[in-house]
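Please see the structure below; I have some questions.
We just call them A, B, C, D, E and F in the order they show up, numbering each chain from 1.
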Amino acid sequence: MRPKGEELIIDSQIEPRDVWSAMRVEAAAAASDEPILASYFHNTVLRHKSPEHAIADQLASVLDHSALTATALQEVIASALQRDPEISRSMLADICAWYDRDPACDQYLTPFLYFKGFHALQSHRIAHWLWNQGRTTLALYFQSRVSEQFSVDIHPAAKFGRGIMIDHATGLVVGETSVVGDNVSLLHSVTLGGSGRGSGDRHPKIGRGVMIGAGAKVLGPVRVGEEVKIAAGSLVLHDVPDHTTVAGVPARQVGGRIEGAPAFTMDQTLDSEE
Amino acid sequence: MRPKGEELIIDSQIEPRDVWSAMRVEAAAAASDEPILASYFHNTVLRHKSPEHAIADQLASVLDHSALTATALQEVIASALQRDPEISRSMLADICAWYDRDPACDQYLTPFLYFKGFHALQSHRIAHWLWNQGRTTLALYFQSRVSEQFSVDIHPAAKFGRGIMIDHATGLVVGETSVVGDNVSLLHSVTLGGSGRGSGDRHPKIGRGVMIGAGAKVLGPVRVGEEVKIAAGSLVLHDVPDHTTVAGVPARQVGGRIEGAPAFTMDQTLDSEE
Amino acid sequence: MRPKGEELIIDSQIEPRDVWSAMRVEAAAAASDEPILASYFHNTVLRHKSPEHAIADQLASVLDHSALTATALQEVIASALQRDPEISRSMLADICAWYDRDPACDQYLTPFLYFKGFHALQSHRIAHWLWNQGRTTLALYFQSRVSEQFSVDIHPAAKFGRGIMIDHATGLVVGETSVVGDNVSLLHSVTLGGSGRGSGDRHPKIGRGVMIGAGAKVLGPVRVGEEVKIAAGSLVLHDVPDHTTVAGVPARQVGGRIEGAPAFTMDQTLDSEE
Amino acid sequence: MRPKGEELIIDSQIEPRDVWSAMRVEAAAAASDEPILASYFHNTVLRHKSPEHAIADQLASVLDHSALTATALQEVIASALQRDPEISRSMLADICAWYDRDPACDQYLTPFLYFKGFHALQSHRIAHWLWNQGRTTLALYFQSRVSEQFSVDIHPAAKFGRGIMIDHATGLVVGETSVVGDNVSLLHSVTLGGSGRGSGDRHPKIGRGVMIGAGAKVLGPVRVGEEVKIAAGSLVLHDVPDHTTVAGVPARQVGGRIEGAPAFTMDQTLDSEE
Amino acid sequence: MRPKGEELIIDSQIEPRDVWSAMRVEAAAAASDEPILASYFHNTVLRHKSPEHAIADQLASVLDHSALTATALQEVIASALQRDPEISRSMLADICAWYDRDPACDQYLTPFLYFKGFHALQSHRIAHWLWNQGRTTLALYFQSRVSEQFSVDIHPAAKFGRGIMIDHATGLVVGETSVVGDNVSLLHSVTLGGSGRGSGDRHPKIGRGVMIGAGAKVLGPVRVGEEVKIAAGSLVLHDVPDHTTVAGVPARQVGGRIEGAPAFTMDQTLDSEE
Amino acid sequence: MRPKGEELIIDSQIEPRDVWSAMRVEAAAAASDEPILASYFHNTVLRHKSPEHAIADQLASVLDHSALTATALQEVIASALQRDPEISRSMLADICAWYDRDPACDQYLTPFLYFKGFHALQSHRIAHWLWNQGRTTLALYFQSRVSEQFSVDIHPAAKFGRGIMIDHATGLVVGETSVVGDNVSLLHSVTLGGSGRGSGDRHPKIGRGVMIGAGAKVLGPVRVGEEVKIAAGSLVLHDVPDHTTVAGVPARQVGGRIEGAPAFTMDQTLDSEE
């Protein structure tokens, strides 16, 4: 099993089958530790022959509703995963992102089973595929169920790269024309929102390696550069250059050039507070 | 069908039956597009003979719980809608508010079916009616169910005008003595909160046409004037004059006089950031 | 029945049996007022012989899921309450905290039945006991269910004193190595978060009597002193001395020495805004 | 309240509003006796303004399923009850039939709340109305739900008079072209079945006042006369004259002329067994 | 573990703790064989410290309904089991009855988990206790739930001895004043029914060791002697002497004196058919 | 589409794809006739690409339970159908059996959607496959769920041919060593039961083309020949020769040689009753 650490993600050396193998080992141990949940681990992980199969089942279960039941959902999701292999590759990269960046997450299994940010993001990846297939009605239904279940509201047209972590997740809002690059870390209550009523492009574009702190709002079609840190609680209404930190309501640049990706270090401090 | 745009709302030219007719046309088209959800559209919209009937059913369904089941809820809600026609007039104005102000909402059907802000607000309108009838126990039960289901916490005594949009909605908190005027737009995670432990009036009064940005907090019995813009993430502890913009933690006035209602333009930018 | 007010808490004169007696009187009156909910009050309060029994039942009911059903949960929770009497003592102190500090809460019954902040906190107290018993898998399951159901995310290792109020609660996040002292009031959307990826101590320590306003973030292993007020929406990255107020993004000290515990007064204003 | 006894039914002196009043008195007493079920009695009886309203709610609740939820069912059922007042008149006569003929039933409330024979029969009355309206698909759906829920299988085209008791009910089967007269008592596991594969009339016609004992089968388009007794476990393949008793596999006439309606006396003995 | 066979029951050598121990061993093996059901075996058997605890949980689970939820049921049932230890002794004797007499049942666990005849009988034992406590409303509710869930209708006033097997169970009906002795075997669709409308004693009394074949009806206050065999499908309207066999519609005595208890041999043949 | 009639079955000319095509046409028409159920028809039939897929989904839905949820059941069932194609061939022959023999069934869709005899039989076919694979624990769980849900109790070891109709179905019992030939029609409440406690073969063997009437019991390891008619309510304890009719409790031969298969004609009359 690969060591806990950021390097593999950065170097794109993800080996998805290894992640899945690790999850199975962890699930078997957990089932043994806590017999009251043994079938839970069996049903969610151990009985599945592939991570695609497991994720289809998991998402179908969390989105189950009398309007669209788990077995119907499972088919839709499995079909998406089969036709677009990029979805499951992204999902496995997301699992690694949590494992690498969240000190409270010491198992690959943890985001998959327990983190609603993970469930919401993967549900979005399916909804996004449906949206691109022209099944906008069903995509909006997914968005609505995710918003109800997880308090996470991502428009199905929004685009996400790989290796995304959405920590804690409650209150996240991502608008229709948003684009989120690879290896971004978003904390709970972050908003990538629109500004104004016009149609067309009206949401942020977030560069790779960016970390956006809890409760920060980025509004309008602004460009946030690569490896930027946006401090928690900030309000960003303008473009942010690469490798910089911004903070405040409204946000201003603080401190100097950042070395390394804030998404990986998860350092919330500000170099230069006067 | 009336054109998408703000004028009709401003001029109070809402024609509720037209909204309901439009929703039925949209639902029929959606049922045809996505057969997997055909009964969903039928049950929520097409089988109903009036919008009051449909909304009673929709709210009963989302608030359903073993402590108070859907059929009992439906009766309570239908009774409120019948005795106070203002509730459904407000509801139809709210649907128009979303349609007019949210670029991602291009159908009247969308808020009715998918937006938990809409469900929470209409549930509140029922709870408010119950509260005024002296059924405070049941009103508090409604508040609690809405808080659990939607992560939106509105005290049943709070007063709302017509044409309210609560976009995304997660984390909204509105306290007991709050008053929200007509045609206000509230983003997610907005707080209209109290200050101190005294009894009596202790929550904000929000003028008509105001827009309060995501995550902004207005605390205490302050008066926010008409057509005010409160920037996302701000903390407002003092009165705000009409036609002004405030921003910051704590908030200060920025920029000049606002022309037009921020609730309609939904413009999140700040004229004068230095 | 003890008078509504703060003194008893401060003086540690809580008499738990009195609280439970009061809740029973209130529940009987509510059942009589609102027959549609009579069994609800009977099942949740009146049929129970002790508050421990009632809380075990209440939490089992709200955490019920096909993966771990209510009757199995009830046993786990009842066992924790029996083995560690401190849990129910804290629970009763928490009920008093709400009753004393929230003007909209004029019954002891209200937080017990209706406030998800109360349900989330008590579920955490059980999860914390499980964590300390080495049942980390089950503890993480509890955390996940609470996060899904209540949009409140508290790591099971986090430590809480007695007399805690979490008002409205949506979006609260409390990290693994956080410590919250006695008689603290936390508003919704507060974050006690980590900073950086290192293991070990990385979350805040909150002194007794502190009030943290809505949406405030305290990040990293900082020390927040006793009877501190953190203004809503603030971002705290450094230690805060006893009896002071901080505000802003990032937060700075404002005003003078605070007399009395902000957690009790719940005063959200800032003395010295210039 | 009318005295317990058969005369009123025979003389068609049912006073439906009296039955409903009696049920309300009984429900109030039961709610008081057993607080754990207080809301149950409130929701099923006390909160309703008419027996039609109560029965629509009760049937909707027992037939609730994700394919057709309670609130949609309620509308269909309420509509049937409104358009054909004979249905509720028959229902109230059925309640009297149980009350008069079943010694273990000493309340009007009992069949309404507890007897699946009553629920199945009233569901059939709705399905029969749907069938006659040409809504055969929905009528068959009702039949299927009733068969699953109650183990009672009545084809929606079968015709029933008033004042029918179906005691215990499990295993009852009534075929498409069956006709059951007024004031008939059917025990559990009775079959009114077809014979052969031909189309057209192929099921029994049962005269008024008949009692058919547990497990008896009447097969083919035979005519069973008025006030006939069919012994439990019998197999009837031929017409049965008025006022006679038949028994055996296959059944033969036993004993002499019957005085009075076996459906009322419920006497299971055979006069002349040699 | 005691050997499979009838002797122990006849000799009253049941050792309840041995039965419970055996069930735990069987459940552990089953959980290991079929991981998909591991938590099922854990939750139903392995996590419980006593058979009383397990049965209370099992019955609460099968009778769960929004009108009276599992956790409330569990308390009622646990209370009955605690106050009347005879109930659990009878339950364990019933488990042994199935194990000894049903060749398809080779584990003690099987009736406990899988046989609805066992669930219905134990639910009745609780309802009977409630009836005797004067809680007739709740007792009738139990009867109704059992009838709906299991298609088994036993009046709560009916009396049952120990060591009862109700094989397959569908359609069983047992009336109010019935008495069933120790070590009786009842097949599915058996009726112990009343005759006539009079009040007072009107149902059968069944002696110990009796076997009543599938679909047989015993009607009226007749006495069925000890170690009697009633052939399947028979209709019994008169007393039956000890150690005899009856068959037919209506039933007549066939064959000679029976040696041994038909309830144990389960022999369905008739010695003397001419 | 093939004409309604028996010939194709007798000649083994079933064309399964034609049956499935017919079901789809019928479902599309039903969805159009009854919009309230449109998604029901879509989810159960129209969205599936094969009858195997549809049946797996249908059975998973009816057997859904918190102990083993629909999505896990679907996988088990789909796997059985894939590994043993005989199961789906038998299922399609069973659908034809209902269509051909039941005058009230004029669509192929009807048994598939509405008849619990069909659901119980197909669930048994899966349980039987599991039993043969050595997964006896899971097979017994299936038996138990079917018994609870449908009041049909078939031991997983029992063997069934193709083209089986189980009309109405409530109360059917089929024991462990039973064998049922091709093209058999069983009415409700039929028992194929054991006799005695010995191990080994102890249940009936039913020849092809046999019809067993409602409530008839066949007990012990008797041989029932080909194209036999067993009258409703009969008790059969001895072998029955080919092409004969038996009736009575206990049963005796009545009438002469039967021409044609009683299972097809469904004629319930007895040629020679004197």
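The rule is short, and it goes like this: a contact is a pair of C-beta atoms (placed from the backbone, for glycine too) under 8 Å apart; a residue touches a chain by one contact, two chains touch by 3 or more.
These are the chains along with the protein names UniProt gives them: A, B, C, D, E, F = Serine acetyltransferase.
Being a predicted model, the structure only gives us computed values, none of them experimental.
Shared contacts of subunit B and subunit C, meaning chains that touch the two of them, come down to A, D, E, F.
Shared contact partners of subunit D and subunit F, listed by label: A, B, C, E.
Subunit C is reached from subunit A by a rotation of 120°, derived from superposing Cα atoms (nearest 5). Comparing B-C with the candidates D-F, A-D or B-E, the pair whose contacts agree for more than half of the residue-numbered pairs is D-F.
Shared residue numbers account for over half of those found at the interface formed by subunit C and subunit D, and the copies are therefore classed as meeting with the same residues.
Remark: subunit B and subunit F have CA centroids separated by 55 Å (rounded to whole angstrom). Averaged Cα coordinates give subunit D a centre that lies 28 Å from the centre of subunit E.
Between subunit A and subunit F the centroid-to-centroid distance comes to 49 Å (mean Cα coordinates, whole Å). Shown for subunit B are the residues in touch with two or more other chains, namely 36-37, 39-40, 43, 47, 67, 69, 72, 151, 170-171, 189, 215, 233-234, 249. Chain contacts in this assembly form a complete graph, since each chain touches every other chain. Remark: subunit A residues 39, 43, 47, 57, 60-61, 67, 69-72, 74-75 touch subunit F in the complex. Within the complex formed with subunit B, the subunit A residues making contact are 67-68, 72, 76, 135, 137-138, 140-141, 143-144, 147-148, 151-153, 155, 170-171, 173, 175-176, 189, 191, 193-199, 202, 215-217, 219-220, 233-235, 237-238, 249-250. Contacts from subunit B toward subunit A in the complex involve residues 6, 30, 33-34, 36-37, 39-40, 101-104, 110, 113-116, 149-151, 168, 170-171, 187-189, 213-215, 231-234, 247-249, 264-270, 273. Remark: subunit D residues 31, 35-40, 42-43, 46-47 touch subunit C in the complex. Residues 66, 69 of subunit C are the ones that touch subunit F when the two sit in their complex.
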